[in-house]
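The same subunit A turns up in both complexes below, where it pairs with subunit B and then with subunit C.
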Partner chain A sequence: MVVKHDKKSMTGNDAASYAVLYAKPKVISAYPITPQTTIIEKLSQYVDEGKLDAEFIIVESEHSALAGCMGAAWSGVRTFTATSSQGLLYMAENVFWSGYGRLPIVMPVVNRCLAPGWSIYQDLQDSMAFRDAGWIQIYTKNNQEVFDTVLQAFRISEDKSIALPSMPCLDGFVISHTTAQVDLPNAEDSFNFVGEYSDPVIEVDTEKPWIFGGLVGPEKFIKVRTDLMEAMERAKKKIVDMNKEFGEYFGRTYGNGLIEIYGDDVADLTIVSMGTIADEAQDAVDKLKEEGLSVNEMRVRTFRPFPEKDIVEFAKKNHKLLVIDRSVSFGHAGQLRIEIEAVLQRNKVDTSVEGRLMGLGGEDVPYPKIVAAAKEALRSKI
Partner chain B sequence: MKVTQKDLLNIPKKALLKGHFACAGCGSTLAFRHAIGAIADKVILVVPASCASVYQGGGKGAAFNVPTINTAFAASDAVASGVRRAMKTKGKDDLKIVIWGGDGSGADIGIATEIGACDRQEEILHIIYSNNVYGNTGGQRSGDTMIGAKTATTPYGNTTPRKMVPFIMMANNARYVATASSGYLEDLVYKVKKAVSMTGFKLIQIDAPCPPNWRSDSADTVKIAQLAVKTGVWPLFEWDRETNLVEISRPSKKYEDITNRVPLTEWTKLQGRLKSITEDQLKSLLADTERQWNFIRKFM
Partner chain C sequence: MIEVIQISRGGSGGVTGAKILAEAAIMFEEGLYAQAIPKYGSERRGAMVQAYVRFDNKPIRIHSPVYEANHALILDLSLLDRIDLNSVDKEGVIIINSKKIPENLKGSGRKVAYVDATGISQELGLVLSGFTLVNMTMLGAFVKATDIVSIDNLVKAIISFWGEKRAPKNVEAAKRAYEETKVVIA
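The block that comes next holds the complex of A and B.
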């Protein structure tokens, strides 16, 4: 049975705030940064108005924002923060600490480029720099998916078999500050889906003098890291299951949760991308189809854990991939492209791959640009 | 609330078990055993990167007998804030959230976080055990290093005055600020017990001799700590926000009067780091000591 929804107009950041309001975290610890700020502003308002019964810690830096959440997570309560860009970099040490420490924190990253050049507009350079931090990363395509993903993130992170922090990613301004329709379930149904965080994955307790984050010798260290790798592997299934369960309850799914296919199952060219560019690419696919060209699209929704199997299976059937990247590994290539090429190579798939960098530092990427890039890729012989 | 020697012999809880990794004669573990032992039944400890993150031991042999959260160097006060707020939502207001860290975090890298927690009036007790150096990394100069002290990064003696964290916290509206010493454990335990009974942010800074980095005899730890008080170089005092008054603590009282003080060289000669202190450096150290006393006197 699908629950009732109200149609509302709201920004992507407001959609995130609604999801948090409904998930009822106990501790929010936050610091302002554009374009994330309106998420935590809204939440502070909810707390002050008594709509959300939570402790709101107004900290003095992003480093402390995440540290506050870490303290709350170690104490076994649901906790939330959000950040962007330089703020994410400033909290870097704690991003890794909470990933490797297996703390179930939910922290949307409102994607914004890194300085210099000084700019507040979107690309994925910030969150992509943290792919190795032990966080689940889900890249959303629109306001609706932001709400849905933030709700799901609490469930995924707080599952005892997973115990990993989650980073729902949303493009700055294009999602965060743009008003669009969101089908909003009510507070009760939303909370019923998320549930109480009553069986914490970790909890400091005066009756048990446990030590958290203490010394680990080399002989045990590999075990700690292997556990994390295995949890990431389990997270793939969890995300797929969550997507399905979410669909049954709310009537919406996003591909299989890991990747989302648009258009025909087999085509001459497959556009591969993440975030809002992937949403725009759907229009490009339609346009190209009208012109009689055979193009489909694969959106990588979950970047960590990386959906190797799903990507490989789809790529195998298709002839050529055009990977559009919104972030670069300098000295190498677009970051998504690098990973796609790696899994194809590892699985001996000979589908060719071409890469394009688009939308860096807020460059607008309307569908005609993607159409042009796709046509070029169809013409080239690789 | 007076703490006697008899009280010291009956520590309520063994907070520090056998097999810790501290160096022989460590002033910090001596203070830990008594300070944390006196309040241990309801304590959650937050430990930033420090000697304490090592001497707590690891695995099944962990020597800290209190729940302990280890944090990144600059994160302890914010993590402690998160713990405190989370416990509040669970109705566990009676827990004592205590940070136990060195001067590297407390005076340098973590000071913004520390002032942040103080500014928010978080109900936390931050205890800095000051060994005056980055001890764990091999003894480099910290913001809390004494003038004249040789460290790994000041091979000819440190030239700048100490960063006075207690004064910084007084200026930032802490609830309670005190200095203490590994050489006067009754006074230390009294202050720790008093601090945890108060709401708001509290800071206690302990003089904790460090034989390897001070190049002193490990048997002299208590003697050196006591001489720091008797020479006046480490004044023991308490400051309470309610009264905005400083009270000189009993072991220090006599030495407020400069004529009663033991010559500073009695203290320096026991420490390799200060043995070859120059005349000029000694003068600067004496001047800096007086600067501290003059600051304190303004609140008396």
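The block that comes next holds the complex of A and C.
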């Protein structure tokens, strides 16, 4: 049975804050940065008003913000922070430490480009720079998905068989500061879904002291790494299961949790992208279809773990992919394109791939631009 | 889909106004979806601030700013020349804070809705740090000039946003503007 929802109007950042309020973390440790600020402002207000019974640690930097969450995670409680852009860079050491240390922290990244040039607008350069940090990364397309994904992230991260931190990603301003409809379940139903964090993946026991992050010799080191790789592999199934369970409880799903397909199963061209561009691309698909062109869409929702099997299966039946990247690996190409080409090659799929960089530093990507890019891709022979 | 571009000066409440307009549609108009996008940048008090509002009868998947609006909502008369009216639908309404039909619109054949929002807001004491808050007043003018959100639902949204204590003056501003707005072909 699907639980009752209230039709609400809120920004993407408020949607994130609601999910956190309902998930009841015990420790929030955070430092403000545009465009993430209003998430933690709201949470500090909830704590101040007594609506959320959590320790809110006000720190002097992002590095310390995540350190606070790491301490909380080691002590076996639910914990949360959020950041953006330069803030994420400043916490870099601890981002890797908490990923490789398997700490179930939930940290939305409100995507904002990296400086220089100095800018507060959205692209995916910040979170994509941390694709190798051992964090689950889920890219959301609208305010509703932000709420839903933050709730799911606690469940995914805190599962003992996963034990990985999660980074729900939301485009700065276009989601974070835009007001839109969110169908909001009540606090009780939301918490029932997330549940108590009663079986911590790790917990300090002062009676039995032991060392965290101690020296590991080369012979054991590979085990630490393969454990993480296997957890990431298990996370794929977990995300699929979570998407399904979420759908049964709340009545909403996002593709299979890993990728979301829009339009026909087979088309001459498949637009591939992430975040809000992927949402807007659905309008582009409709427009192209009206003009008699055969175009469908694949949204990559989960970037880490990378849904190799799902992407390959869909790409195999289609003819050509137009991958729109909102971030770039300098000296190579857009990261999404790089990874898609890699999995196609590895699986001997000869569907051709064309890449486009769009929306860097907050450049608008209205659907007519996507339509134009798709038409160009349909014309070129590659 | 109906798209609105709003221009205002920082400090007059434009961003909040756009948000409340979207909220009125989302929370109180049956079957209507909406979105309010503030355009952030180096906006500050007194500088021009843009915001966009979209309404549709199905979920909105567009996240870009509005380029070609159905209606323009102009909270400050001196900003009229800062908007390209050719980008606004010829059938749409130009809703402006003005005591009379602005000179540059006279004879344009455009549908214009005008109201002395500054006067109404000042009479009601809606002034903060020297800036007259014309946002709720102009929403009253907007609902009068267009047929998207009803005045009753706008009032509900204003009360829901501001709370019982702070709502009365804002409700009064919207209602008075709703009564006093004149819609003409200029």
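The definition used in the following text is that the second predicted complex is superposed on the first by the 382 of 382 C-alpha atoms of A that agree within 3 Å, B and C clash if a C-alpha of one lies under 4 Å from a C-alpha of the other, contacts with A are read in each partner's own complex, and residues count from 1 in each chain.
Quick note on the criterion: a contact is a pair of C-beta atoms (placed from the backbone, for glycine too) under 8 Å apart; a residue touches a chain by one contact, two chains touch by 3 or more.
Values in this document were obtained by computation on a predicted structure and should not be read as measured data.
Q: Just checking: does A:Lys220 make contact with subunit B only, subunit C only, both, or neither of them? Give me first, second, both or neither.
A: After superposition on chain A, A:Lys220 lies in contact with subunit B alone.
Q: Determine, for the superposed model, which of the two partners subunit B and subunit C contacts more residues of subunit A.
A: B
Q: Looking at A:Lys8, would you say it contacts subunit B, subunit C, both, or neither? Reply first, second, both or neither.
A: second
Q: In the superposed arrangement, which partner chain does A:Val204 touch: subunit B (first), subunit C (second), both, or neither?
A: A:Val204 sits against subunit B, while subunit C stays out of touch.
Q: Taking the superposition on A as described, I'd like to know which of subunit B and subunit C A:His63 touches: first, second, both or neither.
A: First partner only, subunit B.
Q: Would you check which partner chain A:Trp74 touches, where first means subunit B only, second means subunit C only, and both and neither mean what they say?
A: In the superposition, A:Trp74 touches subunit B alone.
Q: Between subunit B (first) and subunit C (second), which does A:Asp283 come into contact with in this model arrangement: first, second, both, or neither?
A: Only subunit C; A:Asp283 stays clear of subunit B.
Q: So, does A:Thr179 touch the first partner subunit B, the second partner subunit C, both, or neither?
A: The answer is second: A:Thr179 touches subunit C but not subunit B.
Q: Of the partners subunit B and subunit C, which touch A:Arg131 in the superposed model: first, second, both, neither?
A: neither
Q: Once chain A of both complexes is superposed, is A:Arg252 in touch with subunit B (first), subunit C (second), both, or neither?
A: neither
Q: Quick check on my understanding: which residues of subunit A belong to both its subunit B contact set and its subunit C contact set?
A: Overlap of subunit B and subunit C footprints on subunit A: empty.
Q: Show which residues of subunit A lie in contact with subunit B when the two form their complex.
A: Touch list, subunit A to subunit B: 26-27, 29, 53-55, 57-61, 63-65, 67-77, 79, 93-94, 97, 204-206, 208-217, 220.
Q: Name, in rising order, each residue of subunit A that touches subunit C in their complex.
A: Those residues of subunit A that touch subunit C are 7-9, 35, 120, 142, 171, 173-175, 177-181, 276, 279-280, 282-283, 364-367.
Q: If you look only at subunit B, which of its residues touch subunit A in the complex?
A: Per the touch definition, subunit B meets subunit A at residues 41-44, 46, 53-54, 56-59, 62, 64-75, 77-90, 95, 112-113, 115-116, 119-120.
Q: Of all residues in subunit C, which touch subunit A in the complex?
A: Counting only subunit C, the residues touching subunit A are 18-19, 22-23, 26-27, 33-38, 40-41, 59-65, 67.
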